[in-house]
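Encoded as structure tokens, here's the structure I'll be asking about.
To keep things simple, chains are lettered A, B and C as they appear, and every chain counts its residues starting from 1.
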Amino acid sequence: MTAKTDPGRFFEDYRLGQTIRHAVPRTLAEGERALYHALYPQRFALNSSDAFALDCGLDGSPMDALAVFHTVFGKTVPDISINAVANLGYAEGRFLRPVFAGDTLRSESEVIGLKQTSSGTSGVVWVRTTGFDQNGDAVLTFVRWVMVRKRDADAPAPETHVPDLATSVAPQDLILPEGLTFADYDFGLAGSPHRAGDYAVGETIDHVDAVTIEEAEHMLATRLWQNTAKVHFDATHRDDGRRLIYGGHVISMARALSFNGLANAQVILAINGGAHANPCFAGDTLRAWSEVLDRADLAPGIAALRLRTVATRGHPFALRDEAGKYLPDVLLDFDYWVAMPG
Amino acid sequence: MTAKTDPGRFFEDYRLGQTIRHAVPRTLAEGERALYHALYPQRFALNSSDAFALDCGLDGSPMDALAVFHTVFGKTVPDISINAVANLGYAEGRFLRPVFAGDTLRSESEVIGLKQTSSGTSGVVWVRTTGFDQNGDAVLTFVRWVMVRKRDADAPAPETHVPDLATSVAPQDLILPEGLTFADYDFGLAGSPHRAGDYAVGETIDHVDAVTIEEAEHMLATRLWQNTAKVHFDATHRDDGRRLIYGGHVISMARALSFNGLANAQVILAINGGAHANPCFAGDTLRAWSEVLDRADLAPGIAALRLRTVATRGHPFALRDEAGKYLPDVLLDFDYWVAMPG
Amino acid sequence: MTAKTDPGRFFEDYRLGQTIRHAVPRTLAEGERALYHALYPQRFALNSSDAFALDCGLDGSPMDALAVFHTVFGKTVPDISINAVANLGYAEGRFLRPVFAGDTLRSESEVIGLKQTSSGTSGVVWVRTTGFDQNGDAVLTFVRWVMVRKRDADAPAPETHVPDLATSVAPQDLILPEGLTFADYDFGLAGSPHRAGDYAVGETIDHVDAVTIEEAEHMLATRLWQNTAKVHFDATHRDDGRRLIYGGHVISMARALSFNGLANAQVILAINGGAHANPCFAGDTLRAWSEVLDRADLAPGIAALRLRTVATRGHPFALRDEAGKYLPDVLLDFDYWVAMPG
């Protein structure tokens, strides 16, 4: 046996300021778009209909923002999280330009923070990942941090550097897709009469619908994004014989469920943060609820809502216990900005 | 919690003559076509091969007629059947023009009948649904009727109006895709030597093949058509913990199985009626058989067969018991017209 | 019930030299490409990225060679193996030109060998199958042989003719895709620094990753290639109630797993042989390992490796017992040529 196989990086392999260019560019096209609709109960009109997108000033229906996120993220897994113990958080995610069928994406990450854990056997790595299209234009940037094992517990600890990250993306940093207009927006076709102004900060919405998750589905999705983490595919990997569902699958499911109550939240502009509060497994029945955290005007007729969407496998509106800990049925707490008619 | 979520309509919300414009237009493209081939054992050459379709005078391979049906139907679910107790029947379904990859579909329904049930807690609603493409051209029209719960049992009953529906679409009302010709039809490539004239009225065909259905598959399909009925996705919705399979999934499966015996039945022209005789669940193994009900000449070299295709999870040729009731293993009794070489 | 259903051919129906033109041409497009990425953990850059393929001198990303193989193979099933007892082997498989999205494939087989078994109830049929595109150009040719039942045990035995087949395709018979160049090959984007010259004949590679297989996935795949063998779809067909997984699904899974260790093995040029050593069932967790069997220079900067890739559901490097019999955990022993940077 030879060493042609990539074992992935361990904590001591990262250097502050290092840039990692991730492998395997990926073309997203009509097939990925259809699969996104098969895998998630996705109904947002801008992603569902070319005709609707043209009426909104775009050149056609863009790829779902989360499909772009999963693809850009997936490429980082062999270099960033293949030896990760935990996926700790996201911050400062911004969608910079829409991706259309036929575009090819690749990813790059810069190491922006390092901190060895007190046990000395692992450390936290912060990276800022950017996705680029075939023209070299950046389409998405986000920060995530993961806890990564050390190969050698005796390897010296790097100097600790914890990056200063924004709690949320500022409204003036949100970038609307070029040409986007809601001037002729058809609320009937979109599925809801509610504009951004109809939502009050603090308002909560039960998205009502629910989906029971199957092994085949989350694996189809996770492979589609070329995410290679063993734990999603190999039933022999964990002691309990269960495959852990890719957290992004839960994000997409929750976002799709949010249509019922947020049908006009057409464009995800930013990911402020996200916690995979508890692991999700096949057989879980997912529900979602959202809370309006903030609102901002972006352009004539276009406003942004900052939303928290929570995925649970239990009763709606579950979140934290008295000690502030996520309840065991909470799977995801996702904080993001969306654009909708103002 | 606020009222942004759409609870759907109840029986007392429908008015005779009312037109409901359904939400979320949907572009069907190469990805949906491929998924149709992955979800169903579909082999009809006209839908399988662009080259074959060009040789039949079309501009390319049309989307499967049932993919069009499911998409147009799916859009009506949140407005028509989300609070339905039962999907009672179909009639007068006609495919008006083929749909090609890239076309965008939306749906509209007119309420053409209302009848409160004797219990006073629900009523039957008849709607005529039409699907339109991005140019506003109608591609499909059909009637269906469902039993819908009342929100308030004390709401007054509407005047009863039961529409007069044809038992089957008359041959002169069948519309062939523009340009369709079987003049250079390649029976070898299509997979069978049998023309319409080789089938006798009353003849029955056992389609031989069988498919065991999985949860992941019917959910992928049902989501692809943006059908939002909870009962297909949420294993906690029914008391028995089983997800009810969308009836249209059984229609597509039976039609695909019918290839073996009806390989030249290239184009579905009309849906005369259909009964979902018993519920279908994951784990069921579907078989199908067909009976030739009628035959008509449509154009030089093109004839129509009126077929009954029955899906069962048991022995072939099961249909009804002595009292005329569908046998428990019968899942679908589907009555439709197809075009084939005359 | 009438005889419109195709029962398939039995051993006595084959004649030496007979050519069988298989039914149902099939267009492969963006949807099939996306599904291939959802079904298999496929990351070879040439198939993943249009931009990468353009940089390698092609007109775009070609369909995965194995998707072409499965499609051409699938068409032969109703005529060759629907009544087969066993799929015995492959030889002399050569990919003759790349297939791009939008191409339509059909298949033809010539009977090149016949040998009745000693029991007299079945016989071995050798066929040379060729896949053609919509222009009539051959894209793939391969030999396979199967044991087929006789309809009538008393039918006379044909004259025995066992074809003389090459152990492996000679390097000078390998055909590179027109225009292929690795002159500007980006090893970083491709995911590995290893050229053909870095691999030693006899070297073995553990591909590390593993995938647990689900019923829904192998059926989606097998239907996509229009393979109609009952045993893959019908849980009631075998006495043990298990669906046998299409051997080609295992080939694709093993090839995709081989990325980790063989990331630059971009193009499959030939299939020298393959044995489906043991049946594969849902629930099996597949691993793969490869052995370098040979190496050849093909063109400036392009070399071929002859590889054996073995799929197992147990420990890596399992192959045969002391008696030379495949170990029970070995599922596939696949011998093929790939092109990679020289």
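Convention: contacts are C-beta pairs under 8 Å (C-beta built on N, C-alpha and C of every residue); 3 or more make two chains touch, one makes a residue touch a chain.
Since we're looking at a predicted model, the values are computed, not measured.
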item: Shared interface numbering between chain C and chain A [over half = same, under half = different]; value: different
item: Magnitude of the superposing rotation for chain A and chain B (Cα, nearest 5°); value: 120
item: Rounded Å distance between chain A and chain C, as computed from the means of their C-alpha atoms; value: 36
item: Residues of chain B touching at least two other chains; value: 29-32, 34-35, 214-217, 220
item: Of all residues in chain C, those that touch chain B in their complex; value: 1-2, 4-6, 21, 23-27, 29-32, 34-35, 78, 101-102, 104, 106, 134, 214-217, 219-221, 223-224, 226, 228, 230, 233-237, 243
item: Chain B to chain C touching residues, read off their complex; value: 29-35, 37-43, 45, 48-52, 61, 188-192, 194, 198-199, 203-212, 214-217, 220, 260-263, 283, 285, 317
